[in-house]
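Have a look at this one before I ask anything.
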Amino acid sequence: MEKLLIAGGDMRQLYCGRRLSGKFEVSVTGFDVDMLPDGIAEENDGKCRYAVLPVPPLDESGNVNTPCFSGSMTVSDVKRRLAPDAVIFAGRVNDELRLLFDGYEVLDYMEREELSLRNAVPTAEGAVQIALEEMPVTLSGTKVLIVGMGRIGTALAEILKGFGADITAAVRNAKGAAKAALLGVKSVCTKEMPHGYGLVFNTVPSMIFGREELSRFGKDTLFIDLASKPGGIDLASAQELGMKVVWALGLPGKTAPVTAGEIIAETIKNMISERGE
Amino acid sequence: MEKLLIAGGDMRQLYCGRRLSGKFEVSVTGFDVDMLPDGIAEENDGKCRYAVLPVPPLDESGNVNTPCFSGSMTVSDVKRRLAPDAVIFAGRVNDELRLLFDGYEVLDYMEREELSLRNAVPTAEGAVQIALEEMPVTLSGTKVLIVGMGRIGTALAEILKGFGADITAAVRNAKGAAKAALLGVKSVCTKEMPHGYGLVFNTVPSMIFGREELSRFGKDTLFIDLASKPGGIDLASAQELGMKVVWALGLPGKTAPVTAGEIIAETIKNMISERGE
Amino acid sequence: MEKLLIAGGDMRQLYCGRRLSGKFEVSVTGFDVDMLPDGIAEENDGKCRYAVLPVPPLDESGNVNTPCFSGSMTVSDVKRRLAPDAVIFAGRVNDELRLLFDGYEVLDYMEREELSLRNAVPTAEGAVQIALEEMPVTLSGTKVLIVGMGRIGTALAEILKGFGADITAAVRNAKGAAKAALLGVKSVCTKEMPHGYGLVFNTVPSMIFGREELSRFGKDTLFIDLASKPGGIDLASAQELGMKVVWALGLPGKTAPVTAGEIIAETIKNMISERGE
Amino acid sequence: MEKLLIAGGDMRQLYCGRRLSGKFEVSVTGFDVDMLPDGIAEENDGKCRYAVLPVPPLDESGNVNTPCFSGSMTVSDVKRRLAPDAVIFAGRVNDELRLLFDGYEVLDYMEREELSLRNAVPTAEGAVQIALEEMPVTLSGTKVLIVGMGRIGTALAEILKGFGADITAAVRNAKGAAKAALLGVKSVCTKEMPHGYGLVFNTVPSMIFGREELSRFGKDTLFIDLASKPGGIDLASAQELGMKVVWALGLPGKTAPVTAGEIIAETIKNMISERGE
C-alpha cells in the first residue's frame, strides 16, 4: 500500500484522510492530536508517495494552512516527509505553491468538475440550513427566487421542491429557461429584475443585486449569496437599506465536513486512478 | 370591528395577534414593549369580546404564562379587560383554567384538527433544521428512518424526498405500510426493530426505542424525537450508551414563530366563523 | 399447505392466485385455459379451505362473474369444490351472495381499508396514463385541479408534482386545506368553484361539476372522473357543452392488473392472518 | 407584421404556426383543410419573409414532406410563396435542401440547444406514457434503470421520482455519478452492466445492450429506447431472446404535438430575435 500524507487543513482534510485509509497507508501532520477523529492517528515515519494539502494550501505567511493546529508547519516540514517522486494534491493551487514545491508534480483537486458537481449538494444543503435558521416562517409556501440554474441552483431547486416552496428560477436566456423547465421549475429573465420574493438564493458570481435592484425587495426578504468572490449582492447597499443578507462562505466545509472531506477523497482517488497508478 | 385581546404568551401569540388585526381590533397585554413586532401596539382601553391565551395558559403559580414579560399578569388582570360575554381561546385548557374563567366560554385551539395538521409542516421543517445542524454528512444519500406515518411523518417524508435521502417508514400494520406507499416511501414493520440508519425521526408517543433497540444502532446515528411526552426514546439508556438524541420540544414555536402564530390565528378565525358570529 | 380456489373473475384474480401460490395450494376455475399466466394451472381435485370470488362476485343471471371464461359457472359449481368450513372472499358482497353461500363465512376484501389505500396508487397511475394519452400538451406546466385530498387525491398530487404540473387542490374546509399543505400543494375551496385549469381530476363521489360549473371551464379542459358511482360530473351537460370528460371506471384493474391482483392477495393474506389461522 | 409560411409537416408545424400567429401573419400550405386546428386558416396571397419547413423537410422523392396532405408539394411550390430575402427554417437540414433553396438563408431549428432542452420534457412524458401503457404493474416501487443522465435522463428522473419508482442511473464516469447525485438519484457504472430492473430507459445513442447484456435481464423487463438512430439496444437479439423492447421514435411529436409545436415556435422566435429583426 502506498503512503499518503494529510498535511494541514481543517476537518475536511481529516475526513478525506479517513476515507482514503482503506486504500492507502495514511499519515497525518499539522493537527492538534485532540482534533483527530476516530480511525485516524498521527504517524511520523516513512516517505510518502502522495500528499494532500488544504484549500487554500498556504496561509498569509507562506506556511502551510493549519487552522486545526496550535503550532505551525512550514513547507520544508512537509517536504521532509515526501518521497522524491511524490505527487502533491492541493486546492486552489497558485504559482507560489508551485514554486515552493518545484520538482514535484502539483495537482489541484478543486478544479475537477466532478468535485464541483459533488460539492453542489452539500453546499445547497448548507444554504437551506441557513434559510431555516434565519427565517421565522416556513419554507413551505414561501416564494423563493433562485438566481442561476447551474449545479448549485439545480441542487437547491430539488431540495426546495420537497419543502413545497414556490420556486422561480432567474435565468439569462432561453437555454436557462429550458434547464429550469427540465426540473419542473418556472423561470423569469434576470434582466427583468424580478422582485416580490421572501427568499433569494444567488449562485451567479456577477453583480446582480445592486442598490436599485435591492430596493425593490421588502425588508423581510432574506438574501443568501452562494456565489464565490466577489459575490452577486452589493453588501454595502444592502446594509444601508437594512436588508437581510447572508454571504454564505465556507460551504460545504462548515456544515457537512465529513461529506466534503469524502468528496475530496473520491476526487483524489479518481485523479490517481486516471494516472494509471 | 370586535375587540380581541392577546393576553400573554410568546412570539407566536404576538404574530397571531398581528394576523388577526385586519379582522379584529387587537389589543396586547403581558409583553414587554420592546418585544412587540411592527404592526402591533399595546392598547389599554375597552372591553374585549375575545381573548387569546397562550399554550399552556397558566404558569406554575397560577398566573397567566408570560415568558416575554418582565412583570407578571394575573387572571384578574385579564378578566378586567373582558366583555361580559367574552370567549376565551387558549391552548391545552385544563380544569384549573375553566374554574378561573368560570362564567366565560373557554375553547381550546390546540385541540382543533386543522391546527395539528397545519403545525405538522413547520414542525417537520424545524426537525430537518436540527438534523442539518447536528449531522456532519449530507441528508442526500443518508438512510433515514421515520417512525410513524401520521401528519408529521408525512411532512417529514415530503421534505426528505427533496433532499434525496433514502427514506424508510417504520409502521405498525398494513394500513401504515399503505400510507407510506401512497407517498412513494418504502416501509418496515416497527416490531421487526429496524436498524442500520444514520438518522431516525420518531413521531410516535410510545416507548419504541428502549435500551435493547437503541443498542442495535451505531453511535453515529442521530435520533430526533418529535413525540409529545413521554416521548418514544429511552433517554437515560441513550445517554449511557453514548447515543446522540435530540428531544425536539417547542417546535414549531421556536423555529417558525411567525408561521406558528398565523396558524393559531387562522384556527381561531375558523372557530369564530363556525359560531356564526 | 391449505387449498385455495380462485373462482372466476378477471386477470386480477389470476394474479392474486399466482401471488398466493407460495403460501397456499392454489386451484383455478372459471377461466379459459389460454388466459392463464405462467405459473398458474387449472386443477380440479380436492376440497378447498378458501375461495376467492371476483368483484362483483355474481353476474346479472346470478352465476359467478367469469369475464375470462367462454363457458359459465354456477354457484353450485363453486360449492362442489369447497370444504365444509370453507371461507369465501369476494369483492362487494351483497345479500344475494350471502344467501347463495349460506352456511359459509363470507368476507369482503374490498371493504378493507388497506386495500383502498393500496389501490390509490395504481388508480392514480391509471388516471395519469389517461391524461397523458388524451392531452396534446405536456403535464409539465399544466394547471391541474385535484378535487378531494383523500387517498387518490394524495397519490395524484405526488405523481403530478414529479411532472412539474401546477397543482391546486379543491377542498371543502380548513382540514382539507391543511392536508394539501402537508403535501406542499396549494388549495382552494370547492365552493368557490375554481376554474381556469387545463386538467381536472375529480375524486369526490358527489355532484361537484353541474352544468353551471362546467360552463365556466374552457373546451380544452380535460376532466377525468375517478369517483365511484354516481360520479361527480354531470355527463349529460358535459356532452351538450362539448366538454372532454373521461369517466375512468375499472381502474386499477385495467391498467395495472398484476399490481391490483397482488393487492387483493396481500389483503386476503392479512385477513387470514388476523383469523389466527 | 411580417408574413410567415408554414409549408408542410405534421401537427407540430400547425401548432407552431398557431403559436406564431400573434407575432406574424401566418399562412399555411401543404395540409388538407380538415386537418387545420381552430385559429389557423389557409391563405394564399402575398410573399412571405419566413418559411417553416418540417422535420425532415423533404420526403424520399425530393418533395416537401407533407404527411397531412393528400396531394403533394414541390420545393418550387414553396419558393413561389417566398420574398426574395426569405429565411427558411427547417429541421435536420441537409445539403440537398440547401441546394434546392440556394440563394435563401436556411437555418436548422433542430440544432438549437434550447429546443433539445425543451423537447426533453415532452419526450420523457411520452416515454413514461409508453411505460404506463405497457406495464401490468405500477411504476411505484418498480426498479427502474435510466441509462444516461443528460437532458432526457434528467427529465425522466424528475418524473419517475414522483411515481415513487426505485431509480438508478447508469453513468459512464464520476461526472455522471455526480450529476445523478445532484438529482438525488443513485448511480451505477454502465460498464458494470447492471441488471435486475423491471424497466429500462436508454437515452444513449451507442450500443449498450447487446445480446450478452440483454440476456442478463428477465423477460418481464420492459426496455424503452429513446436514443436516436442507431439506438442503444440490439433489436434483433432482443427479439430472439423474447425481450420486450419499445423503440420510441417520433417523440414528442406524437404524444404532445401542441407542446412540441410551441417549442419549435419559441425557438424560431428566438432565432429571429437574435438576428435583430
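A, B, C and D are the chain letters, set down in written order, and residue numbers restart from 1 in every chain.
In the analysis below, contacts are C-beta pairs under 8 Å (C-beta built on N, C-alpha and C of every residue); 3 or more make two chains touch, one makes a residue touch a chain.
In this text, all values refer to a predicted model and were calculated from it rather than measured experimentally.
Give me the chains shared as neighbours by chain A and chain D.
B, C
Can you grab the rotation angle between chain A and chain B? Superpose on CA, round to the nearest 5°.
180
Report the inter-centroid distance (CA atoms only) between chain C and chain D in whole Å.
Those two chain centres are 35 Å apart.
When the C-alpha atoms of chain A and chain C are each averaged to a single point, how far apart are the two points in Å?
About 50 Å separates the centre of chain A from that of chain C.
Going by the contact rule already set, what residues in chain D reach two or more other chains?
In chain D, the residues touching two or more other chains are 121, 140, 158, 161-164, 181, 183-184.
Please give the residue numbers of chain A that touch chain B in the complex, ascending.
11, 15, 121-122, 125-126, 128-129, 132-133, 135-140, 158-164, 252, 255-259
Under the touch definition given earlier, write down the residues of chain B that touch chain C in their complex.
Listed in rising order, the residues are 113-114, 117-118, 120-121, 151, 154-155, 158, 173-175, 177-179, 181-184, 266-267, 270.
Quick check on the complex: what are the chain D residues that touch chain B?
Contacts found on chain D: 140-141, 161-164, 181, 183-186.
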